[in-house]
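Shown next, in C-alpha cells, is the structure this report addresses.
Chain IDs A, B, C and D follow the sequence of writing; residue 1 opens each chain.
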Amino acid sequence: MTTTTHTTDDSQEQMSSRIRSFLLRQEVILLIISLLAVMFLAFGSDRFLTTDNLLNQGRLLTEIGLVALSMTFIIITGGIDLSVGSILGLCAIILGVMWDPNGAFALPLEVAVVICLLVGTLAGFVNGLIIVRLGVPPLITTLATLALYRGLAEGISQARSVRGYPEEFYVLGQGEFLGVPTQLWVLLIFCILTAVILSRTIFGRAIYAIGNNELGARFSGVPVGRYKIMIYTFSGFMAAMAAWIFVSRVSTTRSDMGSGLELDAIAAVVLGGTSIFGGSGSIIGTIIGFILIQLLKNGLALSGVTTDGTIVVIGTVLILAILINNFIQRRSGNG
Amino acid sequence: MQEKPILELEHISKRFPGVQALTDARMDVRAGEVHALLGENGAGKSTLIKIISGVHKPDTGDLRMDGQRVVFNNPREAQAKGVATIYQELSLYPELTVAENIFMGHAPRGLLGSVDWRAMRRRAEEILLSLNITDLGVDDKIGTLTVGKRQRVEIAKALSFNARILIMDEPTAALTEADVQRLFGIVRLLRERGVGIVYISHRLEEVFTLADRVTVLRDGHYVDTKAVREVTSEQLISMMVGRTIDNLFPKLPAQIGEPVLEVRNLWRKPLCKGVNLTLRAGEIVGLAGLVGSGRSEFAQTVFGFTPAQSGDILINGKRLDIRNPGEAMRHGIAYVPEDRGTQGLIRQMRLRENVSLAVLRSVSHSGFIDNRAEHELADKSIGSLQIRAFSGEQVVNKLSGGNQQKVVVAKWLAAKPKILIMDEPTRGVDVGAKAEIHRLISELAQQGIGVLMISSELPEVLGMSDRIVVMREGEIVAEFSREEASQEKVVAAMMRDAHSAVSAQGAAT
Amino acid sequence: MTTAAPTLGQPTRLSRSRGLASRFLVFATSQEFVLLLVVVLLFAVVGNTNPRYLAERNVLNIFNGNAYIAVAAVGMTMVIISRNIDISVGSLIGVLGTVSGSLAINGYPIWSSWLVPILLGGVVGAVIGFMVAYLRIPSIVVTLGLLSILKGGLITVTNGAWITDMPDTYFLAQMRTPEISLLGINIPAIPSPIVIMIVLTLLAALWMRYSPTGRAIYAVGGNAEAARLSGISEKRIIMTVFIINGLCVGIAAVLWATQLSIIQSTVPAGLELQVITSAVVGGVSIMGGVGTTIGAMLAAILLSAINSALVFINVSPYWFRAVVGVLILITVLTDLLRRRRTQA
Amino acid sequence: MKAKVLALFVLCALVVMSVAFPVAAQDRWDGADDLDVNPLECPVAEGETAAEEAAAEMDMPEYDGGQPTDAPDLAGQDIVVVDVPKLVGIGYFAATTLGQQQAAEELGNVTVTTDAPTEANIDDQIAVIDNYITQGVNGILFAANDPVAIAPVLRRALEAGIHVVGYDANSEPDAREWFVNQAEFNGIAKSMIDSMVAEIGEDGSFAIVTSTFTTPNQARWIAEMQAYQEKCFPEMTWLETVEAQEDNVLSFTQATTLINKYGPDMDGIFGMTSVATPAAADAVSQAGLCAVDAVDGAASSEDDAVAVVGLATPNAMKPYVTGDFAGCVKSVVLWNPIDLGYAAVYVLRAIVDGEFGPGDTSVEAGRLGTLQVVNGSEILLGPPFVYTAENIDGFDF
C-alpha cells in the first residue's frame, strides 16, 4: 500500500506485526469471546441457535442498540450521556400525549411521531448546549437532565399511559419485513450508517481527534463545539427513535419507559472496546457488545439461568473483558 | 564560597526507548552558588535534573551528596535529602491555598499526627517573609493567582523542605519583567543562605547576571564547566552548538511580492494590544519576543483560535472576519502551534491521520475519506520531509521529537497555505532536523508563501528572517530589516531598555 | 527591584487582615453557606404557608429521612474528589442491609449485625479500590459491573424474601437520644441517624482537613502529577478512599436496614443517583480536587426538605425529579460562574 | 459569556415553567384511573356478603379469552410451567410462588419455576417471557406490569401452543386464556373503605399511599374506592394520594410527611400495596400515633391517632396487629396470595387436561373447592379477606 521502499524482511515483519495487532484488537478479542459464548450457550439449549430465536432477540435489542450506537460517538469524545433513558421516556410520552384521541392534542399519528423525534432531538441539543456552551461536565449535565427529562415525562403524562394505537402503527415494532423483524432493518441501517460515518468520514475522524486531544483538534480547525453539540443532539434523536420503536413494540406508552437504559447502553459500548476516557473505539465493537449482552441474556435464560443470575454474569463479563483487554494492551504496549 | 561540592554527579548515562538522552554527563554543585546549566533543547538538561530530583534513575553513574553515594528511588527521597525542584510546568493544586500547596505531603503535624493548620499557615508566612514576599496571602487559592505569584509559591514550597539544592528549570520562561527581577532577588537571597542552585535558562544574559559557574551539555554529552567570569557569551554559544551556525540557516533568496496578510490595530486582551503587521508573499518575518510577550497570542488571534475583539485582518487586501481556525484555514492561513504535544498533534493517532487532519476535505469526496488519497498524502509527506517512520500507519507517539515536529509541519503544508505562521518551529528538535526544517521554510518562501516565524532562538530569527518584528507585553515595539538586525538590537527591544544593556548577547537555546 | 527594601512588619499585618476579610468572603460564597441559606429559605417559605412544616417532628423527619444518604455521600464525596465515581452504592446498600438483617434474625449478636455489614462494605471498597488503582480499570466500569453483580446476586441468594421479625434491640435507626433539659432549654430526643450523620460528617470533614491522607485526596484529585512529585502514592490514596467509601456505605446500609420493621431484600432503585446528586449539589466538583462532606450533608438535607415541601405545598411528587434536575444544573452553574469570577 | 449563560438559564426556566404551571394548576391527581366504576351496595348492617352477591348477580358475558394454536395434548402428562410475576424480591410474589409450589406438589405432574425481572419493568418482563417461549414451556403464568404492553408477547405464546393464565394483574383478555382474579376491584374497594369507616367513622379524613400512579391495579382500586366512598360515605374527607414506588423507605417517608402535614386533621392512611401498608404502619407507630389501645407507640388521645388500613401480607403486618405494636393496625385487607398462586396452577392444569375451557362456568381448584367464572374469562378467587387480630396469626406468608 505504501510507496516507500522496504526490504522483503521489513514488509514480512510488518505483515506479521499487523496480523498480531489485528488479533489483539478489542473487537477481535470480543468476537472470539462472543463466539465461545455462543458455542457454550448452544450446548446449554438446542433452541438457542435457531433463526427464529435469534431474529426474535433482534427485536429485543433494537432500542439498546440504537442508543448504544450514538453513545459510542459520545464516549469516544470522552463524554457520557446518562439521560438517554429519560429522553426515551419523555419521547414516548410525547408521542402518546400528542396522538391520544381523547387528549388535548389528538394529532394524526404521523405528526405525533415527528414531534416525538423533534422533542428527543431538542432534548439532546439542550444537553449539548449546556455541555459545550456553558462548560458543565457531561456527567453532571446528563445526570441533571436524567432527572429533569424523567420528571417532565411523569409530569406531562400525569402518570397515565396511552394505548390503543391503530394496527398499522405496530408494523415497526411487531411486524416483519422480508421475514426479519422490521425494527432490525432500522437498526441495521443505523449500524451501517454510524459505522461508515465513524470510520470513513471527516466527521468520524474528527470525533476520534476530539477524544484524544481536544485542544489539538481545535488547532487543526476542527469545529469541536459544533461537533460535540451534534453528537449529543444525535444521541437525543436516537433515543427518540428507540422510543418510537419501543412504543410500537409494546403497544403502550408509560412514563417509566427506558429507565436504566443508559447503563445497558454504556455497558455495551464499554464492552465493545471503547475507552471510557475517550479516543478509541468502534461501532463494530459496540455492535458486538450489545449483541453479546443480548445473547448472554437469552442463552443463559434458555439454559435455565434466571434473570438475576444473568445480571451477575453480565456484570462479571464486563469487568473481565476490560481487565483482559487492559492486560493485553499493556503487554503488547511494552513488548 | 565553599569549594567542597554538596552534590556531585559522575558518569551519568541514561537511555530512553529510541533516544540516548545522556552519555557520561557530570556536574557538581557547591553550597552558595548559582550553577547555570546550559544546552540546546534535547541536550539532556531536563533528563539530568530529573535524575538529580529522583524522577529518573540513571542507567550508569553515581550521585554523591557531601561525598556520600546516594540513590534516589523517587522524588520524595530526593526531597528528604534536601533536593528541591521547580519544574517548568508548575506542580501546584489550583483549588488549594498557598499554605497547603507549600506543605503538601509534609505538613506540620499536631495532635495525633493531624495537620496543624495554624503552624502550617504560620510557617508558610515565615517562609514567604524570609523571601521578602509580602503580596501573597497564605489563604489565597492558587487558582486565583498570577503566574509570577504561583512561581513564588513553588519556591516557597521548595524551601519548606529545607532545600540545600534548588533546581530551577527555566523559571523565567513565563514571567513578566517585574516578576523576573523579583525572582532574581529571591535567588540571590537564597545563595547568600548557602543554598546550591542549579539554574537552567535559555537566556544567556540571565546566566551572566546571576550565575557563578556554568556547565554546558551538548547532545547528551558533557562539554565543560566554567566560571562565568572567565567566559564570554560567544564561547558559551559555540560550546553549546559545537559548530558554526551558518549552515543551520540556509536562507534562500526569494521573490518578495504583494502583502498577503495585513493586520491593523488587532486587539485581543490581555496579550494582543493593537498589533499592526504586514506579511508579503515570499517573505519570512521573524517574530521575536520573550515568552509571555504575546507572540503566540497574536498568532492565535490571527488564526481565529481566540477571535479578535477589534481590529482588522486583511488577506490579499480583503478584509475578513475570522472567528475560528476553520475559517482561517479556508483563507489560506496555517498555524503550526508551539506545543506539538498538546496543540499540534493527536499523538495517539496514526501519522496518516495526523497529516490529513487539517485537510480532510482535500482527501475526501462529499464527506467520505478517500483512503488511497490519504495514504498518498501521508507517503508524500514522509518522502518530502524525510520523516523517519515505517509508514503512514505508525502511531505518532512512537516517533522522535524531531520527526513529530515534521509531522506537524507536514500537516500544515498539506493545507497548501498562502500564509504560514510557525510558532517555535524547531523547539525540541535535534540539530539535523532543525536544518531540514529551516531549509523547508526557505523553500516555502521561495514558492511565494508568506511565513511568520515565531521563535525564541535569536540565531534562528536572525538567520532565517527577511524582516524581524519584536513584541513586548502585547505590542510590537520594534522592527528591523535583515541587514540592520543584530542580536544586540533585538534583545534590547525584547527586554526593557534599562536592563537589556546587561547582556545583549542573545539567547541561543 | 521592587522588593529590594523589605518592609517586614506592616505588609504582614496587612495581608493578615485582608485574610480575615477574604476568609469571610470565601465562607459567604462557599457552596455550604449557599446551601444553608437555601435550606433556611425553604423552611421559611414553606413554613409560612403551612406552619406544621416547621414542627419539631417534621424537621427531625426531614433530617432523618435522608440521613443514610448523607452518610453514603460522605464516602462518595471523597471518591469524587479523588476523580473517581462509584455507581454501585445503591446495590451495595441493598446487599449489606440484607446481610445485616439476616444476621439479626439468625441469632447472631446484635452488635455483629451492625458491625459485619460495615466491615464487609470496607472489603468491597478495597476490592473496587484494588481494581481501580492497581488493575487500572476506570472506576465507572468497575462499579457498573459490580452494580449488576450485586443486584442480581442479591436476588439469587435471597429469592426476594423479605426479612422480618428482627429482635427489638436491632433497630439502631429508631433509637433516639434521651431528652435533655439544659439550662432551661429542652433539647428534644434526636433520632440516632441524625446523630450518626452529623458526627460522621464532621469527623470526615475534620479528617479531610487535618489528616495528611485527607489532604492527599485533594492533591490526587487536583493534580495527580504534582501529587506524585510530592511523594504521594496515588494508588494508596485511591485504595484508602474506596475503603472509606465502603465503610460509609456499610454504615448507611445499617441505618437503611434498621429504620423499618421490614427489610426489602432488593436493591433500592436509583439510590446511587441520589447519593451522587447529594455530593455534587454539595459542591464536589466532578473534575476532582474540590468539595467538603458538610456540603454533601446539607445537600442531602435539602433534597429531603424539598421532597417534604412538595407534599406540603401540594405539588405533585412527580415534579420532584424535575426539580432535582433543575437544582443540580443551577448549583453547578453558579459554581462555574463563581469560579470564573474569582479567577478573572 | 455571562449573557449567554443568563439567556440559556432563562430559557430553561421558561421551558420548565411553561410545562409546570398548566399541570400544577390542574386538579390534584388522586391516583385513580379514568375507567368506569361500579361501586357495590352500601353496607346494610354487617354487609360482608355484598361482594359475592354482586358477583353472582352479574350476567355472564361471552368468553373473551384467547386460545393457543395447536397446543399438544398433554392431558395427564408432566408439564413444565413458568411463572413470571411483575418482579421478584417482594413478599407478595414470594407468597404466590409458594402457593404455586404447593399446587405443583399436590398435583405431582406439574413443574413450576418462577423467573422475573428485579424491577417492575415492562420491557424486562417481556424479554423474560420471550425467552421461555423459545425455551418451549407448556404453560405460562403471569402477573402483568402493563396489560397492553405484555399482550403481544403473550399472543406469541398462544401461537406457539403454550397455555397462558394470568393472575394478580390482568392483560388484554384475548392475550391469555384465563385470568385468576384475586377479588373484584369493587369488592376490594368496599372492604377497604368499610374497614376504614369502622375505625375512623363516617366523617373521618384519610390519605392514600400508593405505588405509582401508573400501576393499573392500584389505580383501579382507588377509582372504585372513590366511587364507593362518594356513594356510601359522602361525609368522609379524601385528603390526598402520594406515590411511593415499591420502596418501603420511600413509603415510610411519604407516610411520615403526610402525618406531619395534616397532624390531627388526618384520621387514617390507606396503604395500597403490600410494601406501603407496613411502611405506613411503621410511620404511625414511630410517630407514636397508634390507636390508644395499642401496646406500644400509642397516641396520647383518640383525636391524634391515625388508623392504617391497607393491602398487605399477614407476616409483614403481624407486629402491628398482634405483635409489639398490637392494636396499631386493626384490619388488613387481602386475598390470600398463596391461594392465588395455588389456584392459577390448578386452572392451568385443568386447561391442559381438557377439563376446563371456554363456556365453563366453574373450575375445580384442589383445596379451594370450586371457583366461579366471572366477566367472561376470569376466575374469581373469592371475596377479599380481612385479616384481624383474631385470625392473622393463623397465616404464615
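Throughout what follows, a residue touches a chain if its C-beta (ideal position, glycine included) is under 8 Å from a C-beta of that chain, and two chains touch if they have at least 3 such contacts.
This is a predicted model, so every value here is computed, not measured.
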Check: Which chains contact both chain A and chain B?
Finding: C
Next item on the list: Considering only mean CA positions as chain centres, point out the chain farthest from chain C.
Entry: B
Next item on the list: Go ahead and note the Å separation of the Cα centroids belonging to chain A and chain C.
Entry: 32
Item checked: Inter-chain centre distance, chain B versus chain C - centres from mean C-alpha coordinates, in Å -> 44
Notebook entry, point to check: For chain C and chain D, what's the span in angstrom between their mean Cα positions?
Noted result: 36
Margin query: Based only on mean CA positions, could you tell me how far chain B sits from chain D in angstrom?
Written below: 73
Check: Going by the touch rule set out above, which residues of chain C reach two or more other chains?
Finding: 151-152, 155, 316, 318-319, 322, 326, 329, 333
Item checked: chain D, residues touching no fewer than two other chains -> 5, 12, 16, 20, 23, 29, 88, 118-119, 213, 243
Check: Using the touch rule from the top of the page, what pairs of chains touch, sorted by label?
Finding: A-B, A-C, A-D, B-C, C-D
Check: Can you list the residues on chain A that touch chain B in the complex?
Finding: 1-4, 10, 14, 196, 200-203, 205-206, 208-209, 212-213, 215-223, 279-280
Notebook entry, point to check: Inside the complex, what are the residues of chain B that reach chain C?
Noted result: 55, 74-76, 79, 85, 87, 91-96, 100, 104-107, 109-110, 113-115, 117, 125, 129, 132-141, 143-144, 178, 181-182, 185
Check: Can you list the chain C residues touching chain B in their complex?
Finding: 1-4, 6-8, 11-12, 14-15, 18-19, 22-23, 26, 209-212, 214-216, 218-219, 222-223, 225-232, 285, 289-290, 339, 342-343
Margin query: With touch defined as at the start, can you tell me which chain B residues reach chain A in the complex?
Written below: 305, 324-326, 328-329, 335, 337, 342-349, 353, 356-358, 360-361, 364, 367-369, 375-376, 379, 382-383, 390-393, 411
Next item on the list: Using the touch definition up top, name the residues of chain A that touch chain C in the complex.
Entry: 80, 130, 134-137, 139-141, 143-152, 154-155, 159, 255, 263, 266-267, 270, 276-277, 306-316, 318-319, 322-323, 326
